[in-house]
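Sharing a structure with you now.
Note that the chains are named A, B, C and D in the order they appear, and that numbering of residues resets to 1 at the start of each chain.
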Amino acid sequence: MSVFEWPVRVYYEDTDAGGVVYYANYLRYLERARTEWLRHLGFEQDRLMRDVGIVFAVRRVEIDYLLPARFDDALTVEAAVETVGKVALTFRQAITRAPDSLLSRALVQVVCLDRSRFRPTAIPAEIREMMYAEQ
Amino acid sequence: MSVFEWPVRVYYEDTDAGGVVYYANYLRYLERARTEWLRHLGFEQDRLMRDVGIVFAVRRVEIDYLLPARFDDALTVEAAVETVGKVALTFRQAITRAPDSLLSRALVQVVCLDRSRFRPTAIPAEIREMMYAEQ
Amino acid sequence: MSVFEWPVRVYYEDTDAGGVVYYANYLRYLERARTEWLRHLGFEQDRLMRDVGIVFAVRRVEIDYLLPARFDDALTVEAAVETVGKVALTFRQAITRAPDSLLSRALVQVVCLDRSRFRPTAIPAEIREMMYAEQ
Amino acid sequence: MSVFEWPVRVYYEDTDAGGVVYYANYLRYLERARTEWLRHLGFEQDRLMRDVGIVFAVRRVEIDYLLPARFDDALTVEAAVETVGKVALTFRQAITRAPDSLLSRALVQVVCLDRSRFRPTAIPAEIREMMYAEQ
């Protein structure tokens, strides 16, 4: 399984009065890595929306918060495809801080939607093949 | 000048590691009051977008941060129309905390845009008349 | 099991370019309901932090996104305590839209932390008893 | 006047249902550039807070929204020090998109605060000298 990595810096905007990254913002970090992984495969989501008429929407998230991330931390967000189906795929993701802290791990199920009706539709074959190759 | 007031509660999501509301989030609060003011006039923005084909977009903000808002604070956000032009209007806004703290004041210029081309367009007469009446 | 309900209005700030509420923002809504539930039991989190020296931190979230929430929607967020342990409690939550749409359901595990060391600590007896009574 | 530049990619989290970057989020981008400029001068804000006991807080923002930023845009955020006083400094900032679009320009006044009392305090001499040199 190929693991894609994306660096994320923690800014003030991400933290809360507890002094740590607000729990919902981990989901932003996870999505940045998935977006950059798609871009790395050659797919820009704005073009997929406009030209192909599809969007990828999150259907389910399971996330564990193990250690807090703090202001100014330099984090690494991982994304690896676990399964690819006809209309959905599942990512195994993690957020780590060097040298060896695992801050969070997550399982994210994403479904391909027809942009106009917002209904599930088949992932285009070209994209699915690239995704398979990344598993 | 009629002043519209809208209550806002500060949640963790709004604060940052400095223990206070993050400066960009004051702009969220200001917009909630403008949205509710429009609703109070009888205009739902989703219907304006869909049926009339217009959106209101912010063109300029001047904001002063006088005192910090903190987690769990119960705030009041004020919105008053200062000027209404053909395509734009200006709000004078304030964020206060009882009994007598002025936390922030702002001047916000909003412009009416054609939804599809994202270009300035005239505020529909019916809406402009209601806005005038509120001045 | 007693179910606490809290109203949430969807503003522009909550939506994304897909025209629906951004997936991370559902976690904000869920937390607002948990915060208001604690307040309804008589506990203000800022006082718990300052006077008792504890904070409640999310340890795990499982969330299903069933239907999208849209700009201007009036939502109801539910929070019900499913289990209360010595240091942690689990909420069963849902986000609904009248008359009968279930948009999202979630299971959220929250742990009581010593504020200064950020380590798990026992939920104060007075609070735990109130929580039990709400189950 | 030396101009510091920082790249920012627009993600879904930044956009709203209008299809463009939500107006409050421009203030996040502006702050990222100021934070990275401070880091480039050799000052980490978490260390300034912990070791020196100061935080920089925004006192006033004037921002013009000229053109919308969209999902997937690769932006450049500029920060240049315009004036440095004893306790405050003013940044002239801009957000641009290649090849030649000016999306937003802003004037941001930042004040140095004593961390514990949240009151204005003198910018430490060492930092102020570095800031002068960057003008």
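The working rule: contacts are C-beta pairs under 8 Å (C-beta built on N, C-alpha and C of every residue); 3 or more make two chains touch, one makes a residue touch a chain.
The structure displayed is predicted, hence computed values, not measured ones.
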{"item": "Labels of chains that are neighbours to chain A and to chain D", "value": "B, C"}
{"item": "Selected pair, greater C-beta contact count between A-C and C-D", "value": "A-C"}
{"item": "Most widely separated chain from chain A, with each centre as the mean of CA atoms", "value": "B"}
{"item": "Chain C-chain D separation of Cα centroids, rounded to whole Å", "value": "33"}
{"item": "Separation of chain A from chain C, taking each centre as the mean of its C-alpha atoms, in whole Å", "value": "23"}
{"item": "Multi-chain contact sites of chain A, meaning residues that touch two or more partners", "value": "12-13, 18, 20, 24, 28, 31, 70-71"}
{"item": "Chain C - residues contacting chain A, complex", "value": "18, 20, 23-25, 27-28, 31, 55, 57-65, 68, 118"}
{"item": "Touch list for chain C against partner chain D, complex", "value": "12-13, 15-20, 22, 24, 70-71"}
{"item": "Residues on chain B engaged by chain C in the complex (per definition of touch)", "value": "9, 11-13, 28, 31-32, 35, 44-46, 70-72"}
